[in-house]
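Working notes for the structure below.
Think of it as A, B, C and D in the order they're written, each chain with its own count starting at 1.
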């Protein structure tokens, strides 16, 4: 779950990380009012995706009239598929230097990594690739968090590559200690897998200010942060309910399904387990078919979930056949079979259904399917060939 | 720094630990109003010391009139030297069982210990001495705090000795997990060296409620909790400024000195370092003198602190001579000597001063004293004999 | 021979009275796995499926000599259950729970690093040593005692590979589903050395998928350790669109190390044979096994 | 011979530019202690008292080969400084800071338990090996190379004992002030074994005080280890009123283990000679040393 910039900044502000003054505007009038209050501001499109600056989603304005005009323009935009629902109107900063401070999950180390660089801004990834020594990293103890001396070591390592900051490094290191500790505590509190300040602005008068913010919350931990999910949903869905996501994926999310749409494909795909479904897609492609989607019913799905999944897939009229690939482990074949038969009968499915079923309770599952006139296979590659035969190849 | 019961309960309430409803009353009228609002209440004297129940400092009342009458009585009390400044008026609980839950510093393990017993109430210390198996202990990781499974293990161990709670043990263990974690977090947040709920009441309807509370904050960490110190000072000092402490000690605290009064003694004692001062007291006693106080100027004291210390000691007219015992390490002899001479001259001290001075900068220090007519010794036992000779022995 | 579990393994089930816990305990019992204890706080002293229940893992271990924890409890409680099993001194834990918050696993893996436990999972199908024992979800009928070690991230592909190897007659020594989460108790590089120490394992099938760098690190280990048995690898998710989340939290393409091609290249360079399909996996195994 | 520090010890001072840090660095230099580095964040590259300053301990160690940290920084920063020195791999730290919050020391001692560091202090006078080196506050002129080991909680009583032993001609191998706080890096039982391993130490003086159970544990160690040299003990605070706080946070009488008499009894039972005065300490040492 990726928060919007203004939501991330609201979190920063709550825990005491300085952010520029700003107002959220959902209408041009609100943007004009913000400019009236704050003076010169940047009008920034609020979309959960990068590259909005290049796309024209940011404008700096001097007057309320300009603010109104630019807000009209930006609020009408759609950036990489996301309609702009709101703009963040923010005062500018006198920036002396741009740093980078971020926290992200490091799978290999099984810890959060705290990353600091004196080379902040847009090119941080390039810096990381070409001058890795300019990126200082720390993997704090998961229980203690970053200790002051660890942050100082990180700071002196990062600042060693910024001659302009040599004089100020002691003061900066001292200021970075509470900032990094606070950011880390925030990441842990919110179950963030990414929590980033870039640029972290060193202002002309020596303050450290979060000029931009990214916060992504672990989806497995959303249940611990219902307020964030609610807030984000309000912001992403306008009055028209458009979220900027693929409409099929938005619908699937509403139905609680793990679904990825592959527009233009003709074969609907259902399986139990992400690896199996990914492999199902690969198999279809290998024999010349075009999958329409990825749908993982997960482990232990019941008949109802199978029914819902089939109904979901068939909302895309491009789907001309469905491949259901089940290797039961925690999932039980009989449950799946019941769901398939129910769905076919209740939804009046007429496109071909090819079922591959093996694993837990497969005997009972295959009996249920056979009695309903659906002949299941046991080999996935064979079943893939069969569905492609029935639907026709790519194109 | 020991908080009063109501202050501890206010902290419990703030972090979500249930406490009985109550109101603080500094006047009988307020106590009557509390009884009007809450109905049957206990009127409990707020003093930073145990044994108030036996001393008559708690009364249960049914009506506002009774509340008024009992508050008049209790607010006039002095319990073990502490005048009662306020009463806590609290609704009763239907208690099914009394447990004990406490946190305290364990020096040997270098950790906080979390202690749980199903034998809560007044006799917990006796239980600990006679049936230690009924007291379950846990030393949580200082960074992670108590983990749920650790608290469950603690709970099952403690509840194994309470047959009446066998049926409820699963539910109780579940409820104790967040309670113990919250209490531990509170102790860490407040730098508490003792944080205790006794009794922890299991009510007839199955809730766990903190029926009494003790909270003692590490004095070295008071600077991190100025609001607590301020609050406590307000509560201990009434309008007459009486704190219930020894008046000399209260005065010394105001002057920022580490001072313990030993009423009736005739020899004032000053030294640098707690061990040295304790030994000074022992030396005086061994040769038949009676020390009047313990005053540790600490490490690195300057002349001003020495002057303040001498002035403090002489506020007790019983002091008929002063023994100043300095073995300079971080403390410098010249600084101490200057302070002694200044104090004598400015305060017009006439009682005998015996100084023993050795250690860091002793040459310069002894020169300053000698020039001012004070002849310092270098042996502590000899100096002790000399001051006792000058002042006269015990009695 | 086998790795991790065998006929002597004594299993303790955390969550034995849950719907899934009960079902899979029965499946394990049917397979012949020794299930010696269940742990359900507050229900100690009871019994289910012929298995005694205890309030705590420590007590269960003391009373039954259990040596392996099978953790099948809801995600909010799973990390704590794993830590309890580790604190009780169990040398092996297998956690199948899906959906555990990743920072819970960060803390749990840090905790168990200070204990004797080796953790498999979470979000994994478990472990099977055909003919001896299985712990987890792997369907009872797919395995067959044999010559090939299997280590896989995806649960269902683990089943596919086992079935393929069994039907072709090669069979498995032990099959290990390590799980698909970003933070795992054991990754390929933790399991491969166990196969290296098992003389009965004549070849190893490694089933990876997009995301993370576990496959690259496995390739590096194969190369640097001089692992002397054939490795046949399979990487799923090759047609996955970049940046799309594919259900497994870990299966997100991130940088060059996460891509299917990067993994295939790394494994190939380390001398592994990389197959395009499960059928090809089985064929390549057959070509490499001694006749 | 000596324990902990000797003529080869290379000291790094944390807080060298502070008022006290500077003064005591000069005292140590005057005594002949090798002070090789100072650490003051943000002032790396500078120099004071002829000693180079670094931003971090890690850098100071890498550049100067320092092997011992002397920590003399304000209480709010002291625990962190100690951890920094421990993380940098230093085998010995001596922290004299008084007034550190006790939970800071709980965390710091837990942290250094996972590092090579042995910590002396905090709130201690430091360590002196007469004629070789001293770190901390012990006055330069009191020590004299000799035959007796000293370990003491109180700072000033450490000085008294050293002076007494020196003036009587016995002298010291090493004197260690372990400090008076409730949570200490090293207690008597951590230091006594070092004297046991030092052939030059012919007797040990142990100076305890009321509060805590360190003296009782020392008695237990003396008894159970078969320590073969005479121990002369002194316990201060015998006239202290119970329950009164005596300045040292640790010196609060709490239960029977904390009382002066309990400590005296335990030490006597373990075979130690317990003196009533410092003068008697010296006399008892003399009686027990070989002529």
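Basically, contacts are C-beta pairs under 8 Å (C-beta built on N, C-alpha and C of every residue); 3 or more make two chains touch, one makes a residue touch a chain.
Computed from a prediction, not measured in an experiment: that's the story for all the values here.
For the interfaces B-D and A-B, the C-beta contact count is higher for B-D. Separating the centre of chain A from that of chain C, both taken as means of CA atoms, is a distance of 28 Å.
Distance between chain centres (mean CA atoms), chain A to chain B: 53 Å. Those residues of chain A in touch with two or more other chains are numbered 141, 143-144.
Among the residues of chain C, those in touch with two or more other chains are 107. Chain-to-chain contact here is organised irregularly, matching neither a line nor a ring nor a star, and falling short of all pairs touching. Every pair of chains in contact is given here: A-B, A-C, A-D, B-C, B-D. Across the interface of their complex, chain C is touched by residues 105, 107-108, 110-112, 141-143, 188, 191, 193, 218-221, 223-224, 258, 260, 262, 271-279, 281-283, 285-286, 291, 294, 296, 298-300, 327-330, 358-360, 362, 380-381 of chain A.
Note for the complex: chain B touches chain A at residues 141, 143-144.
The touching residues of chain C, when paired with chain A in their complex, are 20, 24, 27, 75-76, 96, 98-107, 109-110, 125, 136-140, 142, 152-157, 159-160, 163, 180, 182-183, 207, 209-210, 212-214, 217, 236-241, 244-251, 276-279.
On the side of chain A, the complex with chain D involves touching residues 144, 147-150, 152-153, 156, 169-171, 173-174. Taken together, the chain C residues at the contact with chain B in this complex read 41-44, 55-59, 77, 80-81, 83-84, 87, 107, 111.
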